[in-house]
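What follows is a pair of complexes built around chain A, which joins chain B in one and chain C in the other.
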Partner chain A sequence: MCFSLTAQHNHDDHDGHDHGHAHDQHEGHDHGDHAHDADSHGAAAHGDEHPTNACGMSAHHGEFDPGELAFHHVSDQNVYNIGPWSFPLPCIMWVPGEGIDFFSSGKFNGDSHGNGTKAYKKYVLHEGLVQRVPDFPTDELVDIGAHSVVAVKETIDGTEKSVSYLCYNGTKYKADDRSTLDAGYFGGGLTSFHDLSITKNVLSMGIVVFLLGWLFLSIAKAYKRRQGMAPKGVQGLIEPIFVFIQDEVAKPFLGAKWQKFLPLLMALFFFILGLNLWGQVPFLGGSNVTGSLSVTFVLAIVAFLVTNFNGNKDYWKHIFWMPGVPAWVKTILTPVEVLGVFIKPLTLMLRLFANITAGHMVMVIFVSLIFVFGKNGTSTLGGYGTVIPSALLSVFMMAIELLVAFIQAFVFTILTASYIGAATEEHHH
Partner chain B sequence: MLIFLLDFNPIKPDLGLILWTTIFFLGFWWLIGRSAFSPIARALKSREDDIQGALDEAKKAKEEMANMKAENERILADAREERSKILKEAKDMKNHIVTEAKDQAKAEANKIVSTAKVEIDNQKRAAITEVKNSAGIMALEIAEKVIKKELKGKAEHEDYVNKLVDGFNLN
Partner chain C sequence: MGGSIAAIGMGLAVIGAGIGIGMVGSRAMEAIARQPEAVGDIRSNMILMAALVEGAALIAIVMSFLVS
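Up next, the complex of A and B:
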């Protein structure tokens, strides 16, 4: 702990995002990470709070910012960091018009904070994410030095944006973030490349889907082998959950058609639950998969498509021309109902995303309390004094998050079932 | 708000993650739905039906048992009734037989008694007849003897008769 507290002070020569990084895993372990960094970088940093690099760029530094740390923690990454270890992941980079590149993110020689010291095929690793430097002079694997990519805030078209620059051989190059489909509303937008990599979230999803698949196939086999017999082992563990979703979600909402939609509801529930729980397992990197809008977006789109493709005549009639109400009410009701068709999946998407992301961020912030009260390593008493309250709060929060993992999976499933149920219901007027 | 979200990556829809999520979720839905969720649901349904069937059967068996028991009791009651009837009949018959036997015996006895009486009467009559005959004969003899002997006086007569009477042994 002692190393950790002092390390924070020495880290001021990094960009602000790094601090307390090792606490990404929620439980504030692996302080050895910081100790190592303190040894290697400590001396150079002393007395120089705002270093400028060869290109005259200065990263914004200052107080330890738990908010930025939390943002960093919930972000997807091109490396999988567990404590002091950094595992490279496969990169699949698509530059429209130029083709697709495959390589390992290990090429960038990233440290445990996800900052690379090498450039490869015009790509660099910054804050765990691959960025592309379109004007970089070479495609070869070249050394760019540590902390040569710096993010600064710039105002473009009246909106403040975070822009990254690479300093290489005294020249300043703009580094593009990967493309995002938010049209710039959330600070992203289309750039020169798309990142289709197996990122930390994708790998987590793959592992969880594999584990769930293996689990359910073996359970299905057990049902076949032990036909008509009482459940045993893991079969008995999953059966109550399965029966609960089947009897309390599928049957009441879908009526006679429950068997048709059961696989979708089960897939949604266990996919979301598995990923929610995976993100909470200590020492596994704390992946924020279901707390990514992209993931919940896909799930909500699936719910939206299944609902509307299965919508019967009555469903559409109730949306566009609600029977049994005066004509003038219909003119108000129809726009509301049409909006509702889209708002329903939108709320599904946002609810899951917000709940899981918030849980991850709260965990990081509770752990960060140690560094906030420790005044970034300068107040030993504050730091030590907050360890136990912070740990207690974290344990309490983890218990709540465990509950949230189940509740959110259940809520997503039950709402999807109710939307599908409403769309396929037979009305008898 | 937008400034706040500058570095907030999770909210930026990322093509790669969307693509992979689509692949993984649809794959999971299709594959596990087909080969695990549906079969499990079917297995649960058939097991539920089995259990319900077994329960129904047990209930039916119980009802049958109850019916059988009632039947048995009825048969038993019938048998008891039959038994008491038979017993009663036997008793009646016994009484009848005994009464009859008694009557018969009485009749027989009466008959024997009356036969005996008749016999006794006959014997008596024969005896009386014999006595009468003997007395007649005796009287005749006495009279003969008296006539044969000339008696001197009255006292002599009487002694003589007495002497004759004594001479007849009336056995």
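Up next, the complex of A and C:
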């Protein structure tokens, strides 16, 4: 169930490789293990020449592209990167007709950029994502060399798409991205395999849910133990937020039925808030869970189902046959109202996704300014000169994003409450 | 070519949302200045309205992504 933007980017050759001398045949690939910082993409002295590998593929990497770097950093991954360290995650791959494979992404021997040097069961690791090479000759764990998967831009049906190829023993194999259910609108579509793995986003979600569960169970216990006494410790932190959502969101919008929907609203609010904040903690991988369309899609589906299953007679009557307007107006109003039923959860989904993703991307782009002004490491003065402005801009942006984390969680909750409230309201004509 | 037209459309959508959210914000400020005791109600309604305005702009932005 993936709507994620499967963004690929092209700078397949990273820092540390000496591009000073012209090498037309990029043979050997003997630069396997460079320990480099996660934020140092493109900070190398890339010359103007485009090195081609044994299959004649060349990665365009002349210009450092902050946009593609940002897309890469907000996308879901099969490895969890914390600074220069890369932690493998379990992969669960389903190939229709062939069954499910279960293995660790550590098999690929990936570096800190998530580029693997090994292929296993026809899978390779490229830019942190597992891709399948359907025509690969063997299922065994084999060495494919570093940087042997290259993403190239191809024009398919008039739109430019990024397609990855694996070069193995001088032969070029096409590498499939995982399947998405978006019919290709967001750059995916159905391919030869489905990725059901515990990815970075899934792991982050699990951690946040565990932390929230632990936090709220301990607070609930404290209320039982300290009955009638003033809140203490973490109780005092959560109680004002809880009471705020209860008094400002649940009671005014839901009227008499507020207690029935309070658990849903609280779960939505604290789940979204927790994930927004988790993605913002520096040096914790910066996972972009609430900025993933799959996650916001499911949250919006929950809001949609609760609203429509609890809708009373008046709600449906106001959609299909609005009382009190002339008949010819009803013919216009009914389609608009029916569309509105679907547009409401759609905007819920898009608002959260766009706000959080934009925040993460702006952060990456502010850091990338160093490399833009440093001209990929060729201009030392430009690079060092931008460090402080870039750091200040990043801190400013993080402060704004802290506010956005709260506002977006609040907005999602208040809009869900208002939709449910409108659907369950008793009308007195 | 499609991409640059989509970029213009995206910009227009953002102008619209900017005017809308600006009006919501300015009227909310006026309302708070008139009735400081109602600041809580006004604030949550302001955020709600800003979110609804933003929703229209978001649909436009996503549409421009789809056509580009």
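As a convention for this text, the second predicted complex is superposed on the first by the 380 of 429 C-alpha atoms of A that agree within 3 Å, B and C clash if a C-alpha of one lies under 4 Å from a C-alpha of the other, contacts with A are read in each partner's own complex, and residues count from 1 in each chain.
Note that in this section a contact is a pair of C-beta atoms (placed from the backbone, for glycine too) under 8 Å apart; a residue touches a chain by one contact, two chains touch by 3 or more.
It should be emphasised that the depicted structure is a prediction, and the values quoted were computed from it without experimental measurement.
J.: With the two complexes superposed on chain A, say which partner A:P263 touches: chain B (first), chain C (second), both, or neither.
T.: Touch status of A:P263: first partner only.
J.: Which partner chains sit in contact with A:T347 here, chain B, chain C, both or neither? Use first/second/both/neither.
T.: second
J.: In the superposed arrangement, does A:L415 touch chain B (first), chain C (second), both or neither?
T.: Only chain C is touched by A:L415; chain B is not.
J.: Which chain makes contact with more of the residues of chain A, chain B or else chain C?
T.: Residues of chain A touched, chain B against chain C: more for B.
J.: If you stack the two complexes on chain A, which partner ends up touching A:F242: first (chain B), second (chain C), both, or neither?
T.: first
J.: According to the stated criteria, A:S390 is in contact with first (chain B), second (chain C), both, or neither; which is it?
T.: Once the two structures are laid over each other on A, A:S390 reaches no partner at all.
J.: Which partner chains sit in contact with A:N115 here, chain B, chain C, both or neither? Use first/second/both/neither.
T.: Once the two structures are laid over each other on A, A:N115 reaches no partner at all.
J.: For A:T424 in the superposed arrangement: first (chain B), second (chain C), both or neither?
T.: A:T424 sits against neither chain B nor chain C.
J.: Which positions of chain A sit in both the chain B and the chain C interface?
T.: Overlap of chain B and chain C footprints on chain A: residues 185.
J.: Spell out the residues on chain A that touch chain C in their complex, using ranges where they run on.
T.: By the definition above, chain A touches chain C via 185, 248-249, 343, 346-347, 350-351, 354, 407, 410-411, 414-415, 418.
J.: Can you list the chain C residues touching chain A in their complex?
T.: For this pair, the touching residues of chain C are 40, 44, 47-48, 51-52, 54-55, 58-59, 61-62, 66.
J.: Along chain B, where are the residues that touch chain A in the complex?
T.: Touch list, chain B to chain A: 2-3, 5-22, 24-29, 31-41, 43-44, 46-47, 50.
J.: Can you list the chain A residues touching chain B in their complex?
T.: Interface residues on chain A, with respect to chain B: 17, 68, 71-72, 74-76, 92, 129, 151, 153, 159-162, 178-182, 185-188, 194-199, 201-202, 205-206, 209, 212-213, 216-217, 219-220, 223-224, 227-228, 239, 242-243, 246, 259, 262-264, 266-267, 271, 288, 291-295, 297-299, 302, 353, 357.
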